[in-house]
Each structure stands twice: as structure tokens, then as C-alpha cells.
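Read through the structures below before going on.
Okay, so chain A shows up in both of these, paired with chain B first and chain C after.
Right after this comes the complex of A and B.
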């Protein structure tokens, strides 16, 4: 008879617990810090900060306050879990892989990565997941009350969060997403979502399905504004800076179901409208329009200054920002959420993804496609040969730009700049725009 | 011929359909096929990319890398037909029913492909013609044939288990055991065994062949000698790429007493409980989803408990984890195994990143020898 297993991480000290991490860890849990943050946001508002930025900051400030202060249960989710489920149950979602982007942007990625490496996470794994695990175990991230992952798209997401659930000894749920869409597979997934909801209600005090209608309504309302925004982004020149759009991909992954997302997309839509009316486009003299696939480096980099300001290339749209699901049905939320999950073009045969990229190229007048080849991302990088061939047949140049979104040590900035420069020269020499 | 990509795809189905099939086992990626997948990709996935010409390939939903293999083979027309089997990650009632349907669909398609009736739909998500294929399957007595193929595979598995019992007793080297398991896999693919679709694979011939191979292997080689106080170790991982690592470990003075990998243990070390009046696809689905868990599955602590039991039963002093380079499932699994076994009092786990032929490198030999020294000093 085997012993009873306890797979929790050993309580030994992990690397990355530096003095500044300990200070931030403590401060993040203090009420007064969140109150001060609230005052700062109000002050920013009074000083005329852009409305959509304020909405985004408020969205995260609210969620983080609730999670760190334990005002609401904090549910860790992987990137493609529909967070309407979490908001609908009255919890707050936390996406460690998305938070890794924040960690990189604010300079905490090094400690998070060191922590994961000291727990045997090899550097060949995707740094978004490594940093997510690291930030969790050193307490930089809030403590989870439960973990929900979906099995689609990314092995690292589900595996890393499973281990986080063990480290914190909290309930773990997996949505085992069928690969093939059929009425039966949708029913199976809907039943799983319902079981997860019931499990969370049972296991996590403070969760109940009372807010589901509200979360679904929030999601649908945000979706409607978002589609209007997507229409505006077709405009030439582009009304929104691509580097910022890539930053706000985090909202797209995180906040469906939150009331702040509606305000964010509504304000952003209005902002884009005013940019178009006033003709004050962020990329002066736009010469090229690019579509960007996968994420970006979130630490300080000259990549986007070079691309947008020096070379006049707009990132007109990002593959991650593609709206792929139909409005949700509050009368049948679980089936609706199942449909949303299964509509993800990254899931299923590669033709689904190619179709979306083809649409983006046509609808956003794209001159070239750049895929940020995140180190360790098998899901996206494994399709490079296909994507490259597909776009070649469409007459659209394609660049696979190797890099790392979180781990700066894997970045070859000068090389990336050279490759981007050469890529735009290629587009220019082919005169893609006038050949349309 | 059908090439199978995962231990969760039952041999029984192609056998019942009367088509020779084998698990894809390679000596490494083909240089001519480099470029379809990036270099920072699992060596098994890269090796799986080759031109199968008129053959059929069945890929399972194993991991990100194998999903891309499925896409590459189809997109570049590298096989006549490429089928996908959606293997659940859990083993509850719902998952078993789902997987039974998935296996049924695969069987119908294989039968249809034999009869050139498989109407591949342009919409890959909605395959058409399954009703017609079902009728054809019924005409051919698929259910009965499936029961027979399960019984045959049970015989074969029992025989292979005997081989690895000899390995664990030190009467046969693990490298030879792997050689026999690979031989069995090749024998299943031998078209000579199946004369026509209506005939059935003769299990007796195969079991006899395994016995001959075992007897030859035991007589030809000196078994590892326990009296020389060699240290017993186990080998685990996602997919053991080739036997070179096992040979290397044995050459370094350690006895490999079990190998928890797709080949052999997780494919060939379980018996299907054949229930006469139950849907054979359901029986098959339940048996495969309940077998020794692979790192891709989410079965709670079952995998660690299983490994701990294996280690305790075989009295191993250490565990060697073989992770194909860039295999995410293996990297995450290793962390779990390392921490889990440490909590249970078994602290000696060595991670070896592997590639084809890794066991022939001096670096790996040095690491295994260093591991042996650690174990000797315990």
C-alpha cells in the first residue's frame, strides 16, 4: 500500500525572495496601500488622464484589492478560461501568466523567474508560466482560493497552475476541452463548466452563482463596444498604437464579466473616434500596417519605438485580440461559455487559425504579419512553417521574430531590430500596399 | 499500414479493422524533414514528421507538439490520411463515454478507408459519412472482431509483462527488454501476419515470437549480475526515445529494474477486463483511460503513488527521469515527481534531458556515473 501522498512543494526557502519583494508582498496586503492607490487614481482622473486608461487601472486595482485583501475569493485561471464564470460566482480571477507581463513591465520578473528556477522549472519552459509560478510562491501574487484551468491550447498553463494549486493546497479544476466541435462535445464541456461552478460554490466559501446574470450581461455589453472598436481599428491610419493594444491584450484575456471592461472598451472606442475626427494619429506618416501574432516583450524595449516612430509601421491589429465568440445567453450560461471556449480559433485544426489570420489581413489592410516567437511556446511556434506558407500564397510577407516576453535574458534586441528593419524593407520593395 | 502516435490509441482498433499498425518508433528526425517544426521542439514530434506516402497516421491529443504534428502532416500532405483521436485527460464516467465514441469514430473511418468509402469532409470538424461507415462496420462484425483483438492484445501484453518481470528480477537486461518490446511493436505492423481483412491477427504466432525473442535474448547475453552489488534504479519519463539511454545507465553500473515510459510499461503492461455484454468500445475506452497514468493526464496523485509503489516494490535506490528535450509535459511532470517523491522519503531523482542517441554521449554517461556515486554513498 502506497503512502498517502502530499505533493505540496517543500517548505524550503526559494530563490527570489529579495528584500524588495518582501516589502512589496507586505504592502500589497495592506488596506491603506489600496486606499492610497484609490486616491492616486482619482487624482489622475482629475488631472485629465485618458478615460480608458483610468477604466483599465480601476479594473485591475479593484480585482487586486479584492484578491490581496481577501475581500472576495481569488480564483487562479489559465488564459482561456471564460472569466465570466469567476465574476459570475462573485470571485475575482487572477491569471498568473498575464500577471507575468506586469511583473516584467514593473521589473519583478527576475525574482519571479529565479524562484521558479530554484523549484526546478527549466528555462526551456515558457517564461510567462515560469514567472507566474515564481510570483505565486514568493507571495508577489495574491494567494489562490482555487484554481481553474482549461486544457486547450497551452500545456504550460494547465500544468503550472496545477502545481500552484498543490503548493497552496487549494481545489483544482480542469475543463477538459474536446478538440472537435459537435453538439455532444459542447454538452460535455457545458456539463464540466457547471460541475466546476458547483464545485467552486461548495469548496470555496463566499462563492455563489447569484452574480451570473450580471457577469453575462457585462460580458455582452463589453463585447458590443469592443466590436465597434474593432471596426474603428480598420481605419487607415491606425487610430490606436499597437504597442498599447498589445499591453491591453491582458484586459481581453482577464476581464470578461467585469463591469470595468464595458467602461474600458466604450471609452477606448470614443477615444479612437476622436483620434480619427481630429486626425491626430499615433503613428505619424503610417507607411506600413502589420498584424502581430502572439504576445510581446513586456520589459523595456526599443522595439516599438523603432517600429512605430522610426519606421512608420503601425501594428494595426493583434491575433490575440480577435473577437471569436457569439453573444452569451444568460438563460443557458454554461452552454454559452462552452461555445465561447470552443470557438477559440487557436483550438482545433490549424485551418481555423489560418482563416482568422486571413480575415485580419484582408479586413485590416495588412502589409505583413509578425509572429513573436515566444521562447518555449510550442503552440504558436509549431505552426510557423504552415503560417509562413499560407501567407506566402496570399502574397503577404511573414516574419517569425524570436524573443521572450518576460525573461529579458533571452532577448536579443539588436538582432530583433535588424530583422524588423529588413522585414519592412522587404515589404517596401514588394510594394504590397499598392498591389492591393 | 497505420502509424500510431500515442499509447492511448489502442492497437486493438486497427487490428479489428484488419490493418497492420504500429506505434511510431524512430531513430531520430530525418534531415530532409527539418524545417517543418522549429528546432526547439520535442525530438519525438520532430521525428514523427516524415513522408508516410500511402500510409495512414493516427495522432492523439497528447500535447501542444503533437497537435502541431497533426497540422503539419495534413497541411503538407505527408500521409494519405491523418486522423486525430481526442483523448480525455481525466477518467470519469463522462470521459469514458466520450472516448468510447471517439474510438468508434476512428474504427469506422479506418474501415471506411480500407474500402475507400471514407468521405473526408472539407469541414474538418464535421466528418460526414459516419452513418454509412457504421453500417459497413456492422456488416463486417466489427464488435466481435474488437472483442477478439482485445483478447489477442491481452495475450501479447501478458507475454511482454513476463519479459519485464525477468528484467526486474535481473535475469534479462532492460535494454534487451526494450528491444523485445520494440520487436513486438514491429511484428504488429508486419503485413504478413494479416492476409486479408476478413482474417484475424493470430495472437498465438505473436506470443510464440515473443517467447522465442526472450529465450534468444536470455541465452545470448549475460544478465546483470546482482551479486556484483549493482544498484537498482527505475527509469521514468514521458517518452523514452530510444534504448541508448538504458544501455548507458547499465554501462554506468546501475541495474534498470523498471521502465515507466510509453514503450513498454504504459502501452503493454495492463490487461483489459473483457466484459461480454458491454459495448466493446466502452470497455476499451475505460481500460485505456484507466491504465498507468501518463504525465499528460490529470489524475491527481495517481502517477506519484504508482511510481512510489513501483520504486518500493522493486527496491530501487534512485529514479532517473528521462525528459525529451523541449518536452513541456516532462519538465512539469519531473518537478511534480521530484517534490512528490521527496515528501514520501525517496529523494534521489536525476533529470536527464534526452535526444535520440543521447545515451551514446560522454556527458550523459558522466552524469549517470556521478548519480551512481551518490547512490553508492547513501
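Right after this comes the complex of A and C.
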């Protein structure tokens, strides 16, 4: 019955299509622009740019070139869809939520947000989703050939991307992730992943499962280097800047299955080893070690200048960077991807998430936990009181830092600086007292 | 070279800048003035005002701590400390046994819980809008043509509070206009506004945990109407120390005194 309802989106003019957006969307689709970008990256390499940064740039440059130039099918995925599936089918993934962070960092978020408001998105919804939809409809993002979403965690992701699939009239698939893990629920999810793969092969020209073994191998190899990197991040003082780690959370969400991710984590691991050997730590005089939950504001670095450079506080680890899955099995890719999805500690009972945060606090010698309370983020903000009580019982100070990762109109920088400063003063006063 | 025995605390708030001068730990001078737009000049004027009162110069001041939103704009400061820490130190000194501090300033409100030793155990601040702050009350007072100092008197004459459902300054203003046009008495509206601010604070208070003795500081602490609404909703006494507006500056001066001793 429901299938007879016409859900197509009528073409409409939206806000945010400014002159510069029109220029960028035209340039993003030109071959010569991508060729020039390739030359610039090579030049950076020759001039000795840090290897892990080059690997990260290459990873995105390759994917974006393929997507904008339509060299490979572009599959929009929501956060927590295992992108090994997309790389394994020979496509390139595009995560509008993660791309919103890029838009904010490069100053294009306002147009994307305006466009989403034209589509009736109210400003109190998560800006990562709003900007993602907006960037798609104004053509700042590449055009999707299909959309795959997961029902896990972000409710706004599947709804906003459904709208995108209607705007571009392309196939839409949803992975309806079971809430609790059991052999039956894993089988059910594995069957769904297989059906999505078959549907994509059938409906999107250019996709086939020939690359699945390669994508699984890439993912496992990247995972192995990543675990070594996590071990190095336990070192005191911290060998890496938290602000950068929070930037590269985008790769953690996006690039599993890409060959570049292995190179990225390997290079980053080697970089961290050399930092520790040389003793030249990025945060001078580390006085505090923080764990960071959820994402960060991407349009400013001021909070991190203040934390890391002025107050000597390292973000030693992020909740989003926690490696939660076992190596994948190329002989049974769909079941192992199902297991990966179901292992996410943010999904299911809250106890799973608390257990991981408690583990991070202990393993990374954490003095305090900051949760970035993203405006409109239901699943994280809804659990603040439970998390706060849990950490209080563990004797770990907790700060819920209200703000917005993409929409700077929803943030007050002066207030955020005061909260962070006061939080560190609170930790310091406890340390002074306990040393007496 | 500074050789004196005085220390200073300067609190550059969003509306008002306050200063406290201590000698041997005792308050010897206080000064306040509107913050205006040039924060560093205002801070300078505040320092001059403090010192002039006692016939002193900057050389007589051994240590200065600044706090408040404009804390980094105080050129004379040896150290900056956030207003959370300074308000807690100041309030504790002004009202012994303080465990919960409600500070409502011009553009924000804070609730700070202290532990048994008087150290900050937890704190929350209001979110980005002006709801429940001094600015909200100023806009409403202006619209009603009533002085903020009369809020307490009118609160007491009101038989009941008007229902103000929004603390968004713009929406509440239109609600107030509707209430006036419906012929609702002025004192009823004012009590409703005080209740709206108190309601807004209740959520913050229970987030950190309600522990007596509750002390109110900041500019809005001088608004008796808000204090009465809070007392009614919390069902306990809220202490407003005589120098409640200076709590942040006093706390900064206390920290300056300790830092000067350590130097």
C-alpha cells in the first residue's frame, strides 16, 4: 500500500546557491582541477610534507575525484555503515555527515545550512545532517548513485539521506540494525547486508563484488596499524594533538576498505614513534590528560589553542576513535561486517558505552572527560546524566560542553572557553588537595 | 618594581566591571563601573578608582588576578582565573558554609556546587541565549517601565504570578505585551517574570545537586523578586551577602593574596 504513495521531491530553488558555491561546484567536476590537485599533492610530497597527512589527502582526493568525475559510482552512506561494502563493490563512499565537518572547516557550512532550511529543516536538528543535506542539494557534494544508511545511533542520518535519495531519484537502502546481539540477530543483519550488496550490483551500473576480498584485506591491515597507534597514544605525554585526532575521526568513519587507510595509519604510527623517540611532544608541558566524547567544532581551532597551548591539556583519546571490532573474515564478509556493526559500543544498552569510557579513562591515564554536547544530538545528550554519575562514582570529573560542530550560530566561544578553563581549574584543585 | 602589600581582584563582567583591593587579607576598597565597549580601558579605570580611594599607585599593588569575560583584557593582571573559581572563593568568604552558589550576571547564569572543603565539585552554565539572565530582566523592566529595584516590592504585592511560558527574551516580551493588553496587573506580570527566571535556574540547580547553604551572587542577586521566587520554588532560604555583586572580584583578590604569598 505504502509503495503507491508518491514521495518524489518537486524541483525547487533553495537558499545557499551563492556565486562562490556555483563556481566551486563547477570546478569540482572539472578534470583539470583534479589533475592540478594531484600535482599539488606530489609537490607537497617532494617538499617533505608529513607522510600521514599526504596519505589522508590522497585518500580523500582519490575518492572525491572518482565521485565528482563519475569515474566510479558514488554511494552516500551514513556514519556507521561499514564502507568496506562500498569499496568492495568498486564504488566510492561519500558521507554527508562527515563532509559537513569539511564544509565547516573550509567556510562553506553557512550556504549548506541555508539550503537545508529551505527544505524545512529546523535549526535545532543536528547540523551535521542539516549541512550534509544542504551541501548535496546545492551541488557542493557529488551526486549520489545510491544511498545506504544504517538505523544505528543517528536517527537524523537515515531520514535526511532518505530525502537526498528522493531529490536525486536514486535507490535507497536501509540496514535495520537489531538492538541486541544474538546469533539470530547477527544472521538477520548479515542477510540484510548481502541483500543491499545484491541490490546495489543490480541497480547501480559499474558495481560488482569483485573487490570484496581486497577491501576486507585493506580493512584488516589498517586495523592492525591502528591498534599499534592506539598503544602509542597511551604514552605520557601524548605524542599527538587531540584536535588533529578529532579531524581524522572522519577517516575512521569513512575510509575502512580503502588502501589509503593502511598507509595513513602506518605513517601515523611511525610519526608517533619518532615523536616519542625524539621527545618533541606537540603539547608542551602536558599538565592534564582529557578524554573527548563526540565530535568537535570544525570551524574554529580556538578551543584547542586554548586547551593545548595555553593550558597544557592534551586530548589523550577520543571515544569515537575506540577500535571496537575484531578482524574481518574474507570467507564470510557479510557476517563479519554484521559483527562489526553490532560491536559498536554506542549501540545497545548504555552499559556497553560506559564500560568503554571507563576502560579509556584507565588505559589512557585520563584526568577528566569532556563530552561535546552537539546541538540537536539526541543519543549523546540523552545519556549525559548517566555518564556523569558513572564518572563521578569513578572519581573522574566530567564536563558537558554545549556547542555545535558545524553551525557556529549555535555556539558561544567565550562561554566555551570559560567552561573549559573552569573545568581544568577544578581538576587542578583536586590534584593539589590529593597531593597534600 | 612593585613593593606594596596590597593585592587586587578585577572582575570584567559583560555589564559591570568590579574591583576589590585587599590589604593583609582585608577588604580596603571596592569599585564598580559599567563595562562598556573598551574592556581594557574600563579595567584601567576600575584599577584607578580602587587605588585613588586609598591614595595608592600601581606600585603599591603586589599581585593582581583578573576574572570575568574580559579577564584577558586586564593589562595589570599577573594571572587570570575563570569566574567559576573566583565566584566560589568569593561567595565562600562572604557567606561561610556556602555549598551552592547561584550567580546570575548580565549575560549568563552559573550554578556552582562546593564540596565539604569548599572546593568546586561541579558547575553548570546556561546555554547560549539570554534566557534567565540579567539582560532578560533589564529588557522586561524597560518594556514595563519599572525599575529593577522595585521588583521585590511589587512581587510582594502580587496575589499570584502571571504565567510567562517563555524565557526567550523576544518571545517573553511579546507575551508580556499580550498580558498587558489583557489587563493583567503589573505586579502579577513582574512576579511571573521572576518565577520564569527561577524556573530556568531550577533545572541547572538540580543538575549539579541542591545542597544548602544556597548563596546568590552577581548583579541579579540584588533583585529581591528573583530571590523570593527562588526561595519559594526551592523551599529554603537563599542568602544574599551584602557584597554579592563583588563575589567574583573578591574571590580573584583572595587568589591574588595567596599567589602573592607563594611568590
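By definition in this document, the second predicted complex is superposed on the first by the 424 of 436 C-alpha atoms of A that agree within 3 Å, B and C clash if a C-alpha of one lies under 4 Å from a C-alpha of the other, contacts with A are read in each partner's own complex, and residues count from 1 in each chain.
Just so we're on the same page, a residue touches a chain if its C-beta (ideal position, glycine included) is under 8 Å from a C-beta of that chain, and two chains touch if they have at least 3 such contacts.
Keep in mind that this is a model prediction, so the values were computed, not measured.
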Query raised in the report: Is A:176 in contact with chain B, with chain C, with both, or with neither (first, second, both, neither)?
Result: first
Requested in this report: Identify which of chain B and chain C touches the larger number of residues of chain A.
Outcome: B
Requested in this report: Check the residue A:426 against both partner chains and state whether it touches chain B (first), chain C (second), both, or neither.
Outcome: second
Query raised in the report: What is the contact status of A:415 with respect to chain B (first) and chain C (second): first, second, both, or neither?
Result: second
Report task. Pick out the shared contact residues on chain A: the ones touching chain B in one complex and chain C in the other. Result -> 385
**Report entry** Footprint of chain C on chain A - complex, ascending
**Finding:** 385, 402, 410-412, 414-415, 418-419, 421-422, 425-426, 429-430, 433
**Report entry** For the chain A and chain B complex, residues of the former touching the latter
**Finding:** 2-3, 5-10, 119-122, 124-126, 151, 153-156, 158-160, 162-163, 166, 174, 176, 178-182, 184-185, 188, 191-192, 348-351, 373, 375-376, 378-379, 381-386, 389
Report task. Write out the stretch or stretches of chain B touching chain A in their complex. Result -> 35-38, 40-42, 45, 61, 63-65, 67-68, 70-72, 74-76, 84, 86, 88-90, 94-95, 98, 101, 124-126, 296, 298, 301, 304-306, 308-309, 312, 325-326, 328-329, 331-336, 338-340, 342-345, 351
**Report entry** chain A contact footprint on chain C (complex, rising order)
**Finding:** 69, 81-85, 108, 117, 119-123, 125, 127-128, 207
